[in-house]
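Next, two complexes with chain A in common: one pairs it with chain B, the other with chain C.
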Partner chain A sequence: MQKRLLAILLVLPALTMIVLFFIVPLFASIVGAFEIGDTFGLGNFTKSFELYSKDMIFSLVIVGISAAFIGLFSVAIGGYLILGENPRAVALLRWLYRWPMFIPFIVVGQVMRTFLAKNGLMNNIFVSLGLLTPLQTVGFLDWRGIVIAFVWKQTPFVTLLVAGAMASLDRSTIEAARNLGASRLRILIEIVLPQIAGTLLVGLILSFVTMMSVLSVPLMINAQSPTMLTADIAFRINAHGDYGVANALGMISLLLTAGVALIYLRQTVRERS
Partner chain B sequence: MKRLLQASLILGLAATPAAAADLTVLTAGDQNMVDYVNDYLGPLFEKENPGMKVRVVGTGPGDAGSQKIVERFDAQAKANTEKWDADVAVIHEKFAGPLVKDGYLESYRSKIASGAMVTSEKAKMALGSDVDGYVMPMFSSQTAIAYNPSVIPNPPKSYEELVAWAKQNPKQFGYNGIKGGASGVSFVMGWIYAFGDGDANKLMNGPFDEAETTKWDKAFAGLKDFTTNAVLTPGNAGTLDMLSRGEIAMGPVWVDMFYSWKADGKLPPEMKLFLPAPGMPGQPMHYVIPAKSPNTELAEKFVALATSPKVQADGIVKRFNWYPGIDAKFVQPELDKASWDKLFVDISPDDLASKGKPFPIAPYNKAILEAYEKNVAN
Partner chain C sequence: MALSAFLKVENISVGYGATTVLDKLDLGIGKGEFVALLGSSGCGKTTLLRTIAGFAKPFVGSIQVAGRDVTQMPPDKRGMALVFQSYALWPHMTVAQNIGYGLKLQKRPRGDIEARVTEMQNLLGLSGLGNRKPGQLSGGQRQRVALGRALAIDPEILLLDEPLSNLDARIRLTVRHEIRSLQKRLGITAIHVTHDREEAMVMADRIVIMNAGRIEQQGTPEEVYNKPASPFVAAFMGAENLLSMRAKLQSDQIELVEGEFNAAAVTPQSGRALTSGAVDVRFRAEAARLARSGDRTVLDPGALELRGQVASVSYPGGHWRHAVRLGDHEILVDANSPFDQGETVKVRIPAEALFIFNTAAATADAQPH
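Presenting the complex of A and B:
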């Protein structure tokens, strides 16, 4: 009995933290989404769709495209790390690829903004190399800028997971395929990738959820229309003091991420059974 | 829901007590507002009142900044806090009415010397609400369209001509939408004044009539079309930034920011301004004193200093290129002719009088912003 009490006591601080700082605010914002003045209704949701339906699709598409690129790059980097034949290049890549992970999103936004602007660093380099004339330059500070920032920042994270999974693979399958004359690309796609697909999916889903919640990057690169839902939530609160619609938008983005989480759950259940 | 938010706000507020000899000034607006108090007004007040320390807190640009001040007062009022943590606040016009209505402010204009020098109508009515006595205008600001005369020798004179120009010169006009600061908001309001089927005067003076909000469809359809030919910039400063780098040739800006950037060398010296007919809105920023300020008397002294003709001349007009908050005739004698004229190089006093409009009253303001999001942005 006493042991049990002790256990409860030990769990209590963590539990209070979760209830106080996670469950209660989450519940409050869900309730708040349905609150209109003193009554309850769906008004906040109709307004959200009326004003921001385009931004919802935009957010999903942007994050989806980013996740696809992240998957591609992380598999490519991870694949080179285990299949690469030039030890110096492998060591250099291993040392380099993690850096963006340690840079906060807001800094990424700032860096990208000066880099990708119409007369920014990137275009200035092109112009000085004679590849473009100043009139031909195009600014990337729209949806493309957001995708570039997201991919740049999140690829190392997924690569870290993927490369770890690849390194722990049984190398005999790879050696066998190589002995039979398979190319490295074929080994990567047909042998390595299927074995680490679960890890890749987990990495991508975690990235998806992270990207859905980033405010600083869309705010700095493209806070205009269409923009990410996070920028709309901030605008509802800051300019209108309208917590109702902000909560509704929050719930909608929660549902969007929940959809992705569901795919993930199904996948794991299928794997276990 | 509300209570929870308030509880968390109070928790945050309780953690930041102000020291006794501090005069705390909250200010909404861009960084230049914080700089104004930090670099100029604060030191001046500290010199006149030895031992005092002026602490300034910037709450951010645009309406969002004022909204944070309102929420701070709200939280402290609901918590029945005896003394609030701010002595003076600088807020946008739109928020003066609600603050007065909630009883959060002190009526102090008659108690200070410079109170009698305020003649502007904007100090009596703020977007349709009676605020007489509760506010002292810090300055008036105006939006206008900045352009590069080397690219555009003959700028358009009205909104109609501007539309035609933008069609011929795609992606040469830039504005910051409505989410990135008030210069874009002002451009949109001016658009509705120009192209809305309703009565623009009713929007500016009230009363609010739901039926009026249905008369903007055509105007917004036009604006949507216009926006596809325009560039959306990241903010008030973003528009100026793109102008200076030649990425756009024209865009709405705050007049004061424009002159300050020019004075700092951040804009090419040949850049000019014009006010398109029928006009664009401008607004004052107001000094208010919370009813529960811990140092009411000092706060009054601070505002009296800030609105004295000398400070209005040296600080507001000369240093920051704002139009004075008190009647200009009290300010003019304190200024040399060059500084006075500089304010009116591109926009003549007549232009300012006829084309400097107020923003629409609060309910229309809100309705236009939402209609913009619904019709143009979505």
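Presenting the complex of A and C:
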């Protein structure tokens, strides 16, 4: 009996933290999503869908496209790190690719804003190289800017996971394919990728959740409509003090990420069976 | 042999970075021959195999297959297939997909691939396992899938990198014979890397013994076993008993000078390249015979007789193994019946079981060939 008490006592601090700072706020937010004045109902959700259904789709599409590019680039970089035959290029890439990981999203947003604007650095370079005239320049400060910022920031993180998984593969599985005449691209797609697919999926899902929750990048790059749900939540609270709709929007993005997490859980269960 | 060789390795030097693993090595292998590269770990045998396969590039030298220079060719253009020590099966593909992958890469029609995969599965006793993943197979089955994958593309040369080292001891014995009979049936040229002497002996037509990046000796199993060309080969082939003696050479006879534990003995030179002076005498535990100290049987001509005390007796199976003390070191001698511990015995080594080499310092100018 005393032992059990001690065990509960030991767990208590951690449990208190979780209940106090995680479960209670989450629960309050969920409850708040259904609160309209003094009564409960689905009003906040109908309002959310009326006003922001476009933004929901926009968020999903932006994050989905970003995740696709992140997957593509991380596999390409990881693949070059393991299959590249020029040791100097491999070393350089290994050294370079991680840097964006250490730059905060807000800084990424700011950097991209000055780089991608209509009269930004990128277009200035194109103009000075004679590739474009100043009249032909187009700003990228819309959904494309968000995608570029997300991909730029999240690719290194997924690459880190993917490259780690690739490095721990049995190298002779790659050599066996080379021995039978597979090109490096085929080895990457048919031999390496299937063996690290689980790790790639985990990386992409973590990135998906991260990107769904970034506020600074859409605010800095694309403040017009349509925008991402995070910007809408901030707007409902800052401009209207409308916590009900903000909570409803929060719950909707939680459900969207939960959907992705479900895919992940199913995958791991299938792999273990 | 070297001129008509099907696979010819000429003067290759291979290394990683600043270290040289193989130095100016030559090797010729005939068509349909089964050659074992035998040596302890780190001797360069796997590096040699990987260089032949095209996974390591030599600094200098050339590799030719049927008169065709393949030194700079990628692994798949050499007409060779490698079976890896870890099998290197692709875990996400089924047995059939693993075996058929090489054919898929060659863009063969699907029907052909299926037929060939079935043929391979039947040949290797993998029928009915085509839809399994490698993770669902036993070690022996995985090994056969790896073999099937290599053989499916119908290579001219099969390269085996310690393919049996991950198998249980009992399975290993049967797989040895399976691989050997398969190789004979298909008439394929095979190079087999191993550190297991017995494995090399029972499988290979010819054994190439390697040491420190060089070929120490090559020949039929019988030749390298009975006529080791160097102390290393003698020791590697099981002649672990070592005696330091002095020898005098006179007209095709070697006189082993009388020592503390032996009377003088004269044995025929039989083509051995020796000079008078300090020699190492090596012999196998099973080649020597034990006799009681009172035994008056006449010594066979050319045999060496030693006197010592039995220090310990053990029974490894089939015969009794005796550690016989000669002064401050011991030799091992087998006998069909046990002798008592502490008993003074005679150890008789017949002429053909004596491997005599000049000791290291003296061999510098008289290299045995």
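Please note the rule applied: the second predicted complex is superposed on the first by the 269 of 273 C-alpha atoms of A that agree within 3 Å, B and C clash if a C-alpha of one lies under 4 Å from a C-alpha of the other, contacts with A are read in each partner's own complex, and residues count from 1 in each chain.
As a convention for this text, a residue touches a chain if its C-beta (ideal position, glycine included) is under 8 Å from a C-beta of that chain, and two chains touch if they have at least 3 such contacts.
These numbers were taken from a predicted model, which means no experiment stands behind them.
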{"item": "Combined model on chain A: chain C and chain B, fit or clash", "value": "fit"}
{"item": "Which of chain B and chain C A:G84 touches, first, second, both or neither", "value": "neither"}
{"item": "Comparing the two partners chain B and chain C, which touches a greater set of residues in chain A", "value": "B"}
{"item": "Centroid geometry (CA): angle chain B/chain A/chain C, rounded to a multiple of 10 degrees", "value": "160"}
{"item": "Partner chain(s) touched by A:E35 [first = chain B, second = chain C, both, neither]", "value": "first"}
{"item": "Chain B versus chain C as contact partner of A:R178, first or second or both or neither", "value": "second"}
{"item": "Partner chain in contact with A:P226 - chain B first, chain C second, else both or neither", "value": "first"}
{"item": "Which superposed partner A:I191 touches (first chain B, second chain C, both, neither)", "value": "second"}
{"item": "Partner chain(s) touched by A:D170 [first = chain B, second = chain C, both, neither]", "value": "second"}
{"item": "Shortest CA-CA distance between chain B and chain C [superposed frame, angstrom]", "value": "46"}
{"item": "Chain B - residues contacting chain A, complex", "value": "1-2, 4-5, 60, 62-64, 67-68, 70-71, 176-180, 232-235, 242, 245-247, 366, 369-370, 373-374, 376-378"}
{"item": "Partner chain B, residues of chain A touching it in the complex", "value": "24-25, 28-29, 31-32, 35, 50-55, 113, 117-119, 139, 141, 220-227, 231, 235, 237-241, 243, 247"}
{"item": "Of all residues in chain A, those that touch chain C in their complex", "value": "170, 172-173, 175-182, 186, 191, 194-195"}
{"item": "Residues of chain C that touch chain A when the two form their complex", "value": "53, 55, 74-77, 80-82, 84-86, 88-93, 101-102, 105-106, 149, 153"}
